[in-house]
Structures are given as structure tokens and as C-alpha cells.
Amino acid sequence: MEKGRLEAFTDGVIAVIITIMVLELKPPHEASWDALLANWPVFLGYVLSFIYVGIYWNNHHHLLFTVQKINGRVMWANLHWLFWASLVPFTTAWMGENHFEALPTAIYGVVLMMTGGAYLILQQCIIAKGGDDSELARAIGKDFKGKISLVGYVLGILLAFVNPWFSDALYALVAMLWLIPDRRIEKVVSE
Amino acid sequence: MEKGRLEAFTDGVIAVIITIMVLELKPPHEASWDALLANWPVFLGYVLSFIYVGIYWNNHHHLLFTVQKINGRVMWANLHWLFWASLVPFTTAWMGENHFEALPTAIYGVVLMMTGGAYLILQQCIIAKGGDDSELARAIGKDFKGKISLVGYVLGILLAFVNPWFSDALYALVAMLWLIPDRRIEKVVSE
Amino acid sequence: MEKGRLEAFTDGVIAVIITIMVLELKPPHEASWDALLANWPVFLGYVLSFIYVGIYWNNHHHLLFTVQKINGRVMWANLHWLFWASLVPFTTAWMGENHFEALPTAIYGVVLMMTGGAYLILQQCIIAKGGDDSELARAIGKDFKGKISLVGYVLGILLAFVNPWFSDALYALVAMLWLIPDRRIEKVVSE
Amino acid sequence: MEKGRLEAFTDGVIAVIITIMVLELKPPHEASWDALLANWPVFLGYVLSFIYVGIYWNNHHHLLFTVQKINGRVMWANLHWLFWASLVPFTTAWMGENHFEALPTAIYGVVLMMTGGAYLILQQCIIAKGGDDSELARAIGKDFKGKISLVGYVLGILLAFVNPWFSDALYALVAMLWLIPDRRIEKVVSE
């Protein structure tokens, strides 16, 4: 199976995820600063989730770069990952509308964690197909970043019930970690 | 005619179908477990429909894999199938919001049945173009799975008026049947 | 300029147009036949508009098939056509929600007419680039179907104020005219 | 990295931006001219923003035409630009619903300015990769149009508090400036 259509479908679903997040930014009915600024928690949530979605799209791009052909397992692992990612707008909106309260902040972390875990599974399925000696396997290595992110999410979920802002800081920190583009794959490929 | 654009358009519409389903997952106004869990029937419906849409996308990918060129009939058969598939979010939402009551559950089955039937027609149009001896014709064979699914949907529709949970179990069962990837085409191609 | 991205963008916008139309099919709050059937005018409008959008997508596919490279004029003519097409969901919903009353039915016709006119302009821009002797120019010929459709829309707009059902019958009739796939281009190409 | 997927993703997000703008055109509940015409400011805003989005899509098409491969910087610069562009529907709707009052008109200009600035950054990242001698660098030159547009947006933001119609006229004027297709790149390429 060619990878082209998997990429196209993934791009479509990710564009859709962004749509739904933007739809939650509802234009206020009044033309005042107060009405505009009342939206700030939803906006902040949008910024954070946009960065996460951007990171995933970026990494997915890299992930599939070294692959030529995919199989049914990879397709389903990809759909599984997209399923969790499709819940991000729901939790973003819930967190924003409730001004980063404890429970929505924790559930936001749960969805980030499940999306991250599903991405690791997808990565494993692709490596399993290519062999431990494949470019991708060498590029990913022990995947320190992927594993530390999961730890970050779990901590974030727990801390939400202490102070949700700790969680949000942690979620932002994990995003920062990934904003540094995943040069591992680029490096191995260019060698 | 090239198949590339048919694939791209289909991917776009399927991404759209997922959007509309996710939009029905409306973030609750309160930040409580009660408010979150009140959404469970809509969420359950989303999971089931996401799996169905994923199966169709997967199978469509396989279906077009063996084809090089398509004609006007195939394009319209594809649009006809997408039409029925585009009604899935509507029935999913109706079923979820009404907590799997009899009528919405039956109508959900009707749309699954029409989508399944339209897919069989699409398959036939592609086989008709390629000939009974084509790779696809041999791969599909008597299409036991396609036909048994239709039987499952009809039973589901009828059982909805006895107990809608029987129907939902049946719809889930049919999905399970397809989750096993359609290796028939892969097998014939790799021979 | 390559045509690939124009096609991809057009497919994306058309998928979006379908989304917006399906979103107007709002799941009723009650689980009764009455609640479901109260949706019939919106559903009927959806069917008609889905067919129109399908026809345009199909014809656009044919239209660009003979073209290799496009210029800025073609890109803007394409955007102009997409602009009018993007208004179809708005008028479909308005017509459906008001049970095919005179004014919404007439405005629906106006948008169909403008979309049809914009499509003729797009066709002319492509022919102008390729020359009167191009495959496309020969295939389109005098474009009887394109012109008769515009007449149909104008009549439909006027008749809406007599009896909107005359208009709807006329809009459906024009759609039927186009459902017969546009074999002209296929024929010339295969010669 | 290949540019194909960046283009596909960008096209998807731009199609999504159009969706959200069209969704703000809400079909009125009554079938009267009054109800239809009450929508005019939202419609006018839609026309203006559609033209802006069209211009960006067109220019993005040209911008990437001369590029063969992209790097991580370009991908993030592109995402950054898409982020600001994704806010256009929000400000369009806010401006339209409040009948072009001062604050929403100014904020509309702020988002146009940020989108324009992000586009300049994207352009710089691409040029930085290709070198000052690249086709693109020669084609863009001093980018008079890009810089004058930013001046136009800033003036529009300030004038909104004097008379918002001055701002809207200015935004429309800047759009006109770009409607003349960006032949610079075409010219250099064809040499």
C-alpha cells in the first residue's frame, strides 16, 4: 500500500481538528474590549492546542518520510491516533469555557496522554514493519522525548487537582520540548 | 480518468464526516464529572461511527488500489455512497442525544444499510469495468462479508423495536467483522 | 503553474460546502417520527444541492483533465466560481427551513445562476488559454447544456413568485440534464 | 523534506477557514427581504475576507512554486502564518455582527496585519534557505507590495477609531493591490 493516501487523509482530519477548535472561538455579541477579553481562556486554550496539533502534524510528516509502503496495522494505528487527537477540540473548549478549572484541565491532560500514547504505538507499528535496523528505528532510538512527554502528562493530570495552573505550565513545557523540531530523523536520513 | 482526484475528494468528504460527528460532542457548561458523563451516549455513538468511517476509508483505499482508471459510472457510484455516508453524523447524533431509543437506533441502522448497499454498488461498478477476471473480482469473490453485513443491519433495524441494545450489539458485531482488515485484496495482489 | 494544487484546493472547498449543508440537518430533540419528518424540506434541499455539488465536482474534474498548466486568470476564475458555490449551503438551508417559500426559492435560483455563470467564465478562461482548436474547445462546442441551464435558472427565479414548486421542479430538471455525464470531453480525448 | 504535504495541509486549513466564515452566514428564520438584507454586513465581511484568503492562497501557490525542498523552519513559519489566518473568520464575524463598529474593525486590521507579517516571515525563511540569488529572492525583490500592505493595515487600525469606514476602504484598497496577480515570480521563472 502506498503512503500517499494515508498522508492526505491525516492532513484532512488535522485540518478538521483545527476547524473545530476555531469554531469554539465564538465572536462576542458586543463590540467592546470587555466582550473580547472575556474570550481569553478559550483563546489561550486554542493557542496551546494549535501548537500541539502543529507539533503532531510536523512529526507525522517526519515519521512517514522514511517509509515507502504501509500495511493494515499502520493504517489502523494511524486511525487510532487520529481518534484521540479528534477529542482535543472537545477538551480544549471545555477547559477554556470553564476557565481552566481542575477537572477539565485533568481531562485535557488525559486526552493529550492518550494521543501521545497512540502516537508511540503508531511509531512502533512502523518500526516493526521496517525492522530495528531501519532508518526510522535508528533515528527514534530510545525515544526519550516521547516517554518523558507521557510522564509530563501524567504529572499534569495529578497536579490539576492541586492547582490547574501547574498542569497548564507542564503541558506548555512539554510542547516547548517538541517545538525544537525532531531533527533526529532528518539527521539519520541525510547521513 | 485518473483515480487520484476521486481519492482526494473522498478523503476530504470523509474528513468532513468526522468533523460533523465531533461537533456533536458539545463541551458541557459545568466543570463536573456529572456534566461530562452526561455526554456518554453521544460519545459511545461517536466511537461506533468513527470505527465505521475508519473501516470504510480503509476498504475504499483497498478497493481503489487495484484500479488504474475510472469512468463516469464509478464517479457517480462513489458520490452516491458518500451521500449515504454523509448522513451517518446526523443519525449518530440523533441516536446519542436520545440515549439509544428505538426509532433513532433503527434509523441509524437504515443509514448503515444504505451506506453498505451503496458501497456494494460502487464495488460492482468497478468490477464491471475491470471484468470478472480482474484482480479485484477474484479478491472480492462472493463477498460474503458484504452480504452478511447487510443482513446484520436489517436484523438490527427490526430488533430496535424489541430492544435497541440488541441492535447496537449487532451494529458493533458487524464492525468487528470488518475490523479484521480486508486481506483478500492484499493477498491476490501480492500473488 | 501546475494544475494539481488548484484541483486539491477545489476538492477541499467542495468537501467544505458539503459539510455546511449537512450541518443544517439538525438532529431533532425527540425520538419520534414526527420530529424526524419535520426535517423533510431541509433533507429535500440537501439532496438537490448534493446532486448539484456532485455535478460540478464531476464536470470540474473533466474540465481540468485536458489542461496541463494554468495561469493567474484561471486561478481567479476558479476562486470566483467557488465563491458563488460557497453560498449554496446558505440558500439551501434558508429554502429548507422556510419550506420552499417564494423568496428563498428565488434566491436559491439566483445563487445557482451565478454559480453556473461563474463556471462558464472559468471554462472560457481555460479555453482562451488553450486556443479555439484545443481539445477542450472542441469538446465543449457551443455548450448548449451550459446555456440552457442558465435559462432554466432564470425561469425558476421568476416562477418562484407564481409557485415555488414550479421553480424546484425546474431546478431538479436542470440537474437531471447534467446527471447524464459530460461525455463530450471523454469522447474528444479518446479520439 | 518534500513540499507536497505542506501544500496539501495548507490547502486543507485554508478550505477550513472558508468553512468557518461561511458558517457565520446564518440563514434567517423568516422568508422575507428584510430578514435576508439584515445579513448584509456579515455578507460584506465575508466577501472581503474571501478575497483576502483567495489572495493568500494564490500567493502561497506562487511562493512555493520555485521551492523544491523545505526544512523545519519553513514548516513552522507556515504554521505560524496559518495560525493568524485561522483568526480571520473570528474577526470577520465579530465585525459583521456588530455592523463594522470601531473596535471590531480595528481588531480585524490587527489580524490582517499579523497574518501579513507572518507571511513576510515565511517568505524570508524560504529565501534564507535558497539564498539571495535564488529565483524567489530576485522575484520578490524589495517586496514593496508586502511592506505597503502592512502600512495600510496599521493606518486602518488607527483610523477605525476615527471612522471605521475609512479602515474598511483601506482594507479593500490593499486587497485590490494584491488582486493584480503577483506576476513577479511568474516573470522570473519564465525567463
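Order of writing sets the labels: A, B, C and D. Residues in every chain begin at 1.
To be clear about the criterion, a contact is a pair of C-beta atoms (placed from the backbone, for glycine too) under 8 Å apart; a residue touches a chain by one contact, two chains touch by 3 or more.
Model, not experiment: these values are computed from the prediction.
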Tell me whether subunit A and subunit D, two copies of the same sequence, contact each other through the same residue numbers or different ones, using over half shared as the line for same.
-> different
Here subunit C maps onto subunit D under a C-alpha rotation whose angle in degrees, rounded to the nearest 5, is 90
Between subunit A and subunit D, what is the gap in Å from one C-alpha centre to the other?
-> 26
Between subunit A and subunit C, tell me the centre distance in angstrom, where each centre is the average of that chain's C-alpha atoms.
-> 37
Do you know which subunit D residues sit against two or more other chains?
-> 8, 12, 15-16, 19, 23
Any idea which subunit D residues touch subunit A in the complex?
-> 1, 5, 8-9, 12-13, 15-17, 19-20, 23-24, 72, 75-76, 79, 83, 86-87, 89-91, 93-94, 97-98, 101-104, 107
Touching residues on subunit D, where the partner in the complex is subunit C = 7-8, 11-12, 14-16, 18-19, 22-23, 25, 27-33, 36, 47, 50, 54, 57-58, 61-62, 65, 179, 181, 183, 186
